[in-house]
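Below, chain A partners chain B and then partners chain C, in two separate complexes.
So, the complex of A and B:
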């Protein structure tokens, strides 16, 4: 039963596996065009919805896969690393990240792919990330209470709403397909941007 | 390297790329029990640097100190290795398509200098915000959503919601 580390594959392999998975992730991100800030922000201005398509397809593929593996007993989905739902800190952090996205044009992962192909704006963005992390860490004593507030724990959406995870997944997939279709129509109406 | 302008802007079909990315993410969970990420690597570099310069300072700050728990060194974090991988993978993909060379990419309507200042600002905001959410678009939103975690869905909605909220004010940077 998964995860294979540490019981089936020894933990010494963990960092090697990290590099291999990272290479695959970086290769796909770059091939999808995510090393281009102008392509990424297209999703916010309606001229390129690649971010939405890639992101939702990836999330849905992974979660349907995990639901199957959980069903067959290959992995215990509830035991995997989730994100503790600290509701308000995540909302505040998310909105700040959103502002960072439209000003900087990258998110941390995509900025690394931009660095990989020599985009200087990617280097500068990564420098910015480090400044942001440093400022947060130094301010942590002031932010600590808020940071730990409104924590609902590592709960899944189907658990929280007390519904079947399978039906939830059907719902997410339907929403994604509608979003894919609607954004296709929007893009046809918006002036093309060359980048 | 010779640049082939025909291939430079041809990217994969987004659904194909998304499907492969989903398989990689699935494999990551199956092998290691955790998801993919990126901002955690920047956090590790910052913490390690601050620790090297001022070790007592990192011991007194709970946010830094947490990363040393159990004798750990932040810089040997799983995400640091994974991000080195992303760098290599992107370089391979970019080289094969003639996209790997030094430049600043920006809209023709703004200068490179302006682009770089906003990249710095955006990076700082992203790095700051990611700490609240314990991760960025990959670590919190994508990996969180893959395991259906409530936190992951909230992170995704607030990152994209936040971006749409402010997009209008920064449109001149891009279009």
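So, the complex of A and C:
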């Protein structure tokens, strides 16, 4: 199972474990209410910050867990594959993704969850993703130079700024808690939206 | 409700501070990431100081007798790499050797040859110098299990074409060695010096005259080990 306990669970199980994890992930997304596009875009309009909280919590839980497992030698984090940091393409991609998110009301994972419970807008959104993938693939030769530009390689933020990943994690946790608190206050002041 | 929030908020902070304060960062992910990035830059190899230490050590040398034992026993765990050019390789080589000319040693295809852990690689050239240079290059590039045939093919053939006769007062091992070397010579198809050279050891036919035809294996029977790369890419889905 990936870099974790490779001696106990052989690589042949990878796909099976991936399916089980995927189902569990979808189940959690759905039970957190993330198959509703109104809930998802609430974060942009300020009436529901569940997205920010859930994903931020997931991020810090996963990173602290990974760092601990790496510290104890159960997981070799260096063996995990990171996407190369291409600064400007990622900014542009983030803007496009954000626009798609706020107009469509889903991100790719949650749209599949919405399909799972039979929502029509989920199907439409998924169709849009496929069209976008097709268009991007066809246009790739034109975009290739930009796509590969400003590549910093597989670096992490603490590595780039040459700081301890552990203290960086402390900082991220603090920021997360502050964000949770601030969003709680914002939500209190904003008129409740029924959806 | 409020208290529970505060408790939950404290959990990640406490855990991450604990992580930061834990002693001994020998397992530090920074070091490992660095190592990994070096790997992707194809410079995993041993550090120069370690290479220097290794290069003054004779462990990398394989003696002709060891190699002869390997050849006679057809030991599958050794791969003989002939570093001479294709012309010389075509004239003669050792049984089972494959040809990777020294100037092509770092092409992608040839690098893949050296990535298996299943083999010990014996570098062979006419003498020791070329194979030793290639050893250094490969070692610096990070490859393991490399051996250098001491004395190269010249000494190898000299030894088995014309093994030095032990004197009468030599220990019995010397006689065993002599018989072994003659047997190897016969196995390799070398002429028996006693049969055609009057008096034995004075003049020896050049090894190039031997008719031991090259075994022209050009494809490597390697089990190539693909560099470790976890399932690539993958969008970070949300």
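Just so it is clear, the second predicted complex is superposed on the first by the 188 of 195 C-alpha atoms of A that agree within 3 Å, B and C clash if a C-alpha of one lies under 4 Å from a C-alpha of the other, contacts with A are read in each partner's own complex, and residues count from 1 in each chain.
Definition applied: a contact is a pair of C-beta atoms (placed from the backbone, for glycine too) under 8 Å apart; a residue touches a chain by one contact, two chains touch by 3 or more.
Treat the numbers as computed from the prediction; the structure is a model and nothing was measured.
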Message: Looking at A:166, would you say it contacts chain B, chain C, both, or neither? Reply first, second, both or neither.
response: second
Partner chain in contact with A:15 - chain B first, chain C second, else both or neither: first
Message: For A:59 in the superposed arrangement: first (chain B), second (chain C), both or neither?
response: first
Message: Let me test your reading of the model: by the given contact rule, A:125 touches which partner, first (chain B), second (chain C), both or neither?
response: first
Greater residue coverage of chain A in the superposed arrangement, chain B or chain C: B
Task: Using the superposition on A, tell me which residues of chain A are in contact with chain B and, in the other complex, with chain C.
output: 2-3, 55, 60-61, 77, 79-81, 83, 107-110, 154-156, 158-159, 165, 169
Statement: chain C partner, complex, touching residues on chain A are 2-3, 55, 60-61, 64, 67-68, 70-73, 76-81, 83, 107-110, 153-156, 158-159, 164-167, 169-170, 172-174, 176-177, 180-181
Task: Write out the stretch or stretches of chain C touching chain A in their complex.
output: 5, 9, 12-13, 15-17, 19-20, 22, 25, 27-30, 32-37, 40, 228-238
Interfacial residue positions of chain A with respect to chain B in the complex: 2-5, 9, 14-33, 35-39, 41, 43-45, 47, 49-50, 53-63, 65-66, 69, 74-75, 77, 79-87, 89-122, 124-138, 140-141, 143-144, 147, 152, 154-160, 165, 168-169, 193, 195
In the complex, chain B residues that touch chain A: 9, 11-12, 14-15, 17-39, 41-43, 45-47, 50, 61-64, 76, 78-79, 81-95, 97, 99-107, 115-116, 118-138, 140-167, 170-171, 173-175
